[in-house]
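Two complexes are shown next, each including chain A; its partner changes from chain B in the first to chain C in the second.
After this line comes the complex of A and B, so read on.
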């Protein structure tokens, strides 16, 4: 009973081919147009999964650009997908936090990955992957994938305005001019992301175990900041950026079972 | 008219601007279309456009006020009533809301003034809102208190004000002699001012006529509300709310009776023919505060995407339960009616939750949705308290921040995600059988 989960985010497209309890194949691409990347991705996962298009019984799409896609069986919100994907790897998870490129969301779940409460970031982009990417490239002349290691070197906390991404840029410029060590600035940025998430979590309550998903979860510095500021252990799956697509594929499995 | 305090000329001529054209053309089109066959959406739009058209044509015989007013007081002097809600809906249909909001920018209004009052100020400055005989403020809406007097100073219009000290239910607990006397004094004072600006004094026959029309119309409105209790419901969202607007806009006139009778009879046919607006109806919603005015399709979106019907709106309850006006004691009767105005916004979260829970039971609703208007001090509060109280009673509660008058203030996809998450968290959709009330 093969299903496909497709997560079309602001910057990346992820696809998982899933059969009952296991992942058959997957696809990840950055920066391509949605429809084209999904077509390319489906072709790849079908080929690598050793199956054919006709074998995929249900396709579910999620992500901010899901409405651009044609030919999907269902479109669902990221919150549902990250809940189901998070609990796949961590059955004891009861809070899943997704920090993606353009948004962050937190969901409290039951033992089946069903949603109890959900919260999404307010209209500002601070506290998202895009915020960190912009800071890394524009302000600090760094690769975003190096941010984590850099912040773990920091010994001093630096406060960065966490209310607005634009004001945060201004804060960072000031710190650079004051010759504050780069690792401290990066840690300050990670702390501001964690504080934003913490504020968001308060509206739904934090219940361990807590899982972090989305591409930003690869950043060890963000994970460290979140553990410190939320005051709890944070679990991160091996490929956190794929969790939305995985959750969509699992949801598709459940729908097929219901129909049977 | 008085001399305006400020020399601010309207940007557009009243009878040559887009809004004026829109009102005339829309009424003409809808009247013709409705003759071919009744359609509830068109009927709702008609009752947004018609009062506005009439006010635009006769601004010197019209008074603006918010929906807490007892409009019969204006009808005694043959004045047209333009409600804040009515002109806001009309500006939305005419796609002029954003332009009006932007036009208010020069006034440096303080940040806590909500968008609707900014929009109306902009509408006045642009010339879409005419310079009326009077602008009235009723109750303690702080945004209104900051702006409505300004409208008068710009327009050279009379400013009328009625303070309602009893905005927390039940008003009977606060109906002390002193308070009642205060209300009667205010009503009589406003009546004297209306007499001065119109040159009319209502006769006993006139008072009797206006009050009797009002009483009859409100009886019909209560019957419409009873129909909404039917499962599935007969009308949802903005079209439903517009039947409240009919009651409000034409209060005290024969037209209210005629229009409400049409509405009632058409809604009865919905039951007879089974043409319910939301099928299948999986969720019944009590809506708190206001829906996005800039999106008249909001309730249809809820219906199409989630099979959710709005069966009750708080804002349409300000005059309920209605008590008949007594022509033998006009000022006192009007004073009592003002005191009965139910502004649940001012209640504590516990009171609001208790009221919502009672109404959910009455209307068989299992969800309360709260559209929190940015800048409106009347809808904020500890919604988490209300949520807990309702959850404890088995009622699901969802609150979201919105700007109901400026669609540019937020990203709709983001809000939609939150709606998706909320409905995904609900128990499996109930299989709802038809229930007659």
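After this line comes the complex of A and C, so read on.
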């Protein structure tokens, strides 16, 4: 019983082909237009999964750009997907936090991945992947992939505005002006993301185990800041950026089972 | 009696010298990274313009974000009080003040003497302040002073910006430009968006006539006109809306100086 989970985010498209309990194949692309990336991706996962388009019984899409797609069986929210995807790898997960390019979301869940409470930050650039990416490229001449390692070298905390990305940028300019070491600035940025996420979570409460998903979870510096600032162990799946698509595919499976 | 008021804002600093009940001179400059340094500069420039020396000033009150770092101030008073006092001096019928600065917006209710009765501020989000317009002006390569007039020369129709956040609005606008949406139509949408947010803030203090608008954005006709439309009130704006806080500070300086004079005499 093959299903496809498609996550079209602000910058990246992720697809998971799923059968019963396991992942058959997957796809990831950055910077391509939504519909085109999904067509390309579906072709690839079908080919690699050794199956055909007709065998995909249910296609579920999520992500900020899901409304741009045609031919999906269902569209669902990111929080539902990250909850289901998070609990797939961590059965004891009771809080899942997704930090993506364009926003962040936190859900408290039950043992089946069902949603108890959710909080969103989808209107504000503060604490998002886009914010970190912009700071890395524009202010620090760094690659996003190198941010984590850089911040782990830091021994000094610096304060950077955690409520507004525009004000944070001014803070970074001042810090660079004062010749504050780069690793301290990067750590400060990661801390500001963690504080912003912590503020969001306060409205729903934190229940261990806590899982971090979304592309930003690859950043070891952000994970360290979050563990320190949230005061709890943070679990990160091996490919955190794929969790949304995985959750969508799992949701599709559950939907089909219901119909049977 | 000659007094002075200094307003050190996060983006711009202002100084005003008042003699009896008139403005004798004033000066305005970008604050920059050193608040103490700029406070000396604006004070010196204002003294020069008035042909006076520091010793001629009976009392100096500082206000604004950087008020505590003005070394030559006799006292510092909050900008809320100073804006209310200053607005009331320019327009005695003022009962509501909207201060639109670079990094924050304040809505103040005051009584007939300029005393503050209620106030609310947004200093958490750049999209609710002048910064929003500055970022877009920079992106569209127009001068800040041009934004207002251009926003009133709509080519097709006003384009409504969907993103609340300044950063996301930037991406949205870049995509719009690629699609060929006219620059003026985008500027109209930007001014409208800021006006909407500012009016939301204003409504929280239950605004009453007359309305006085201060701060740098008071010079943006595109935002001001839209605020007036949405709130249903005409706005009173003085000849230099950025110095209202400093004027209020100078007026407080006069009160203090007169009080001390009385104490001295008795």
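One rule holds in what follows: the second predicted complex is superposed on the first by the 259 of 260 C-alpha atoms of A that agree within 3 Å, B and C clash if a C-alpha of one lies under 4 Å from a C-alpha of the other, contacts with A are read in each partner's own complex, and residues count from 1 in each chain.
In this text, a contact is a pair of C-beta atoms (placed from the backbone, for glycine too) under 8 Å apart; a residue touches a chain by one contact, two chains touch by 3 or more.
Remember, it's a predicted structure, so these values are computed and weren't measured experimentally.
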{"item": "Three-chain arrangement built on chain A, chain B and chain C clash or fit", "value": "clash"}
{"item": "Touched partner set for A:167, first chain B, second chain C, both or neither", "value": "second"}
{"item": "Partner chain(s) touched by A:259 [first = chain B, second = chain C, both, neither]", "value": "neither"}
{"item": "Partner chain in contact with A:131 - chain B first, chain C second, else both or neither", "value": "second"}
{"item": "Larger contact residue set on chain A - chain B or chain C", "value": "B"}
{"item": "First (chain B), second (chain C), both or neither touched by A:76", "value": "first"}
{"item": "Which superposed partner A:105 touches (first chain B, second chain C, both, neither)", "value": "first"}
{"item": "Partner chain in contact with A:115 - chain B first, chain C second, else both or neither", "value": "first"}
{"item": "Which of chain B and chain C A:64 touches, first, second, both or neither", "value": "first"}
{"item": "Identified clashing stretch of chain C versus chain B [146-154, 200-208 or 236-244]", "value": "200-208"}
{"item": "Overlap of chain C and chain B interfaces on chain A (superposed complexes)", "value": "123"}
{"item": "Interfacial residue positions of chain B with respect to chain A in the complex", "value": "384, 401, 410-411, 413-414, 417-418, 420-422, 424-425"}
{"item": "Of chain A, residues touching chain C in the complex", "value": "102, 123-125, 130-131, 134, 163-167, 174, 177"}
{"item": "Touching residues (chain side chain C, partner chain A) in the complex", "value": "33, 103, 124-127, 131, 135, 163-168"}
{"item": "Complex interface listing, chain A residues touching chain B", "value": "64, 76-80, 103, 105, 107, 114-118, 120, 122-123, 203"}
